[in-house]
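Shared between the two complexes below is chain A, which has chain B as its partner in the first and chain C in the second.
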Partner chain A sequence: MQRSLTMLDSGLVGHRTIDRLLQAVIFFADSIAIRSSYEVAAVDRADARLIERRIDELREQGFVKLWAHEYEVDDAGRAGNPTDGDAVRRPADLVVPASTLGVSLGEMDEVMRSIRESAYGREPGERSPLRQGTAEIVGLRNHLASLVISAELNQDGMLTNPAVRTALTSTFRARPGEGFQAAVVREVIGQLQLGSLVNLTAEQVETCRRFSADFRTLLDQSVVAVARGLDPVISPENTARELMTRYRAISTEYALPRLGPQVGGEIVWDVLGATLPPSIVLKYGVKAFTWRKIAKEVRPYLLLMHLERALRQPEVGR
Partner chain B sequence: MELTIETVRTGWQQALDLFQGGQAVRIATRHGISFDLPGLTVRLTNPSDLSAPEGYPYPELIKDYRDRLFGNQRGRSLLFQRMRRWGGDEGEAFDQIGRIVDLLRRDPTSRSAVFSTWSPPSDLNAPFPVSPVGGAVRVVADTLHLFVTARSVDVWVGFVPELLAFAQLASDLSQELGMRRSTVSYQCWSAHIYEVDLLSYLTRR
Partner chain C sequence: MRLLPAEIGATSCRLIIQAGADLSIERSLRWQVQATEPVPLPELFRRFDASVVADETFSLPESTKALIPLRFAIPDTVYPFTILYLWMVSNVDQRPGVTRSDDAANALVWYLRVAAPHLDSTEVRRIHRALDRLPTIDVGKVSEADEGSDT
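Now for the complex of A and B:
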């Protein structure tokens, strides 16, 4: 099943945005919608052309869609940013229709009225908070409006920036979902010390995508476990640690060439391609691998193996 | 930029209209795209009319704000604590507004009737820092002038409750000090409206 997400607050795009886009499309989503009228973040303005080109590339690969409000779109289906003096106009793949947005926002305000106390929510046990008052409500409305826009774009969910994710989580009491998955991915990337994914080439991203589905299944299972209360204490950190323990064990096994020829051709090739230098692949070939069962277990971790290889040996695959 | 309004009821529309003329700057913020007027002063000439504007969609927020300054929500209000119980956590609470009334009773021409609500150690990095951040009260020619400085106001959502609450404060202080009338001068460093709300507003019109 295709999973399309909307990135919240994508009015500003920079290297960090691209990193998050890549994390999402490599690990748990098929495409991410960002604002067509985005501006390049001030801190990355020196790299504006590079960022623009990277977004174009990801869009051509189908991993990024550009969305716009109807009022921003011209007759040619392109949207501009008035801040840039309309110098940059980009295509709008998805458009929020003005006619239905008004109705949806009206419904959103009804919801906001009924849950406005939750805008002041704090962590359990925290000292009785004082309320600024209006700012919390404005924040809650903006988060709800983001949900509305995501729904208007027929997206499956939202990809949030860290600030909004924290706010949404505190508002809605840590409901697991994309926030949980994104947090697990962040942990995994941190534990693997992979750093930013922005250095992956378009080809490497395509290759990673071949392995995404199996890893996503693992992530989904974690989220379902939390949602069903099977493990109420499970956290993104614990989930990531468990994934990493299994990954380390399996990758250590595979680093030893003691497997036989029974493994299916494609997965063997994937494992070899992902983990071993070309010289080793040539030397041991398919004969190096034996068991189908482990090959099945390995499948979800091929993505991590490939990422480690791509980012640690950046010259490979370029 | 300055705007003179007679009442909040009629003035909200005038404030919203400021966002139609292309003077507002489009900004990508952490909450989304907003249209911003960097520095707006609103002069409210008749604060005694506390009725809400027709079509203002959040009447419950007007009540919430009043309750935070004058009603049963005062104990949980950051603004009330700063204005009327400053320093109450560590020692004796200081009622800035009460002291201002005392001062102006003693010396109606005083120019020192100033209150401040901004606490840098707490507010500078807070997710929801206090606003308004301060103000002053002056008595001139039988008129009480309440000056209020807000760091930021969402004109679609927060402008009406905030201005009505301070209109009520001006009226109350005016009565307490025996003045014939009052005005509110409300300055905000950011008067803004979020994109979706501007779209709602334009659609309604």
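Now for the complex of A and C:
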């Protein structure tokens, strides 16, 4: 099933944004919608052309879609950024229609009408159910509006929600505005000490995507585990730790020792990737079929193996 | 003849769990399912509200599944679903002539529609019908009882 997410805090795009986009499309999403009218973040302005080119490349690969409001789009289907005098106009792949957005925001207002406005109206001395007073009400309103826009773009959900970023201080190590899966993936990358994924080439990203589906299954299963609670015990970082423990056990147990010294590096990838070319079957016979069995267990972790290989030995992965 | 509760498929269950996990992270809600004694819905709400205000981990009894008239293909979905519902009840205002749980049911269905737009619409209707069958939570009385017990 295709999974498209919206990145609503994409008005400013920099290397960090590209890293988050790549984390998403490699690990748990198929495409991410970002603002068509984005500007390059001030901190990365020196690399503006590089960043623009990378976004174009990701768009050509189908991993990024550009979205705009209807009022921003001209007759040629392009949207510009008013702050730079419309100097740069980019195509809008997804457009939020003004009429349906109006209806949906109307529905949201109905819900908001019933949302407690206690921060404004409670009696002195009465215990407030809100932890941060009016800021929480404002944050909640923005959070819901973000969900409405994402739904209007016909996306499956949000990668990040800028409203939450300013609304609350989180008790979790997940960054405010970050969903559960994004938080787990960030932890996994941190525990593997892979650094930024920005260094992956377009081809390497494509190769990683060959292994994404199996890891996504694993990630979906880990989300089901969260159905029994989310607190400091069951948290994104602990989920990531559990995935990493299993990954390390599997890579120690299976990766090379079980396959034997006769299997060279590239063949290991064929075997573990379960492509099992006829030449390998002919050469190794029964062993090749045992490897296929092993591959089934290892397959969800191939993405991590491949990323380690690509980022630690760039000359091998390229 | 007693009707079986409506079933929610595995795909929708995953979306509900995801919505519950994301809301918990976004709103800093900490909770955990525990094998504690069964608690009626109004009392559950009171405890949830108190935990949120005190910024403590909320203990959700395992028996909660008996309170929600839905069958989930992934049975544990009932827990994040209950959290979403309690959060809605906790956040909607008491309006004259409308019970807070009615508003909460509408708000939850709306929330699921925008947070998980590809949730099966037939199943969304089943969820709405199930929420309508839940006992009314009279928050005013729960709060008064709570205040009484404090003094």
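To be clear about the criterion, the second predicted complex is superposed on the first by the 234 of 318 C-alpha atoms of A that agree within 3 Å, B and C clash if a C-alpha of one lies under 4 Å from a C-alpha of the other, contacts with A are read in each partner's own complex, and residues count from 1 in each chain.
Rule of thumb we're sticking to: contacts are C-beta pairs under 8 Å (C-beta built on N, C-alpha and C of every residue); 3 or more make two chains touch, one makes a residue touch a chain.
These figures come from a predicted structure and were not determined experimentally.
Contacts of A:P236 after superposition on the shared chain: chain C is touched, whereas chain B is not. By the touch criterion stated above, A:T245 is placed in contact with neither chain B nor chain C.
In the superposed model, A:G157 makes contact with chain C only, not with chain B. Judged by the touch definition given at the top, the superposed model places A:T217 against neither chain B nor chain C. Comparing chain B with chain C, more residues of chain A are touched by C. When the shared chain is aligned, chain B comes close enough to touch A:A98, but chain C does not. Using the contact criterion defined above for the overlaid structures, shared-chain residue A:L147 touches chain C, although it does not reach chain B. Applying the stated touch rule to the two superposed structures, the overlap between the chain B and chain C interfaces on chain A comprises residues 113, 116, 128-129, 131, 148, 161, 164, 167.
Residues 1, 104, 107-108, 110-111, 113-118, 127-129, 131, 140, 143-144, 147-148, 150-151, 154-157, 161, 164, 167-172, 174, 176-181, 183, 220, 223-224, 226-234, 236 of chain A are the ones touching chain C in the complex. On the chain C side of its complex with chain A, the touching residues are 11, 14, 17-18, 20-22, 24-33, 49, 52-53, 55, 57, 60, 74, 76-77, 79-80, 90-93, 95, 98, 103, 106-107, 110-111, 113-118. Taken together, the chain A residues at the contact with chain B in this complex read 8-9, 11-12, 35, 38-39, 69, 71, 81-83, 98, 101-102, 105-106, 109, 113, 116, 128-139, 141-142, 145-146, 148-149, 161, 163-164, 167. Listing the residues of chain B that touch chain A in their complex gives 25-26, 28-33, 57-58, 60-61, 64-65, 68, 73, 76-79, 81, 127-131, 152, 154, 157-158, 161-162, 194-196, 199-200, 203-204.
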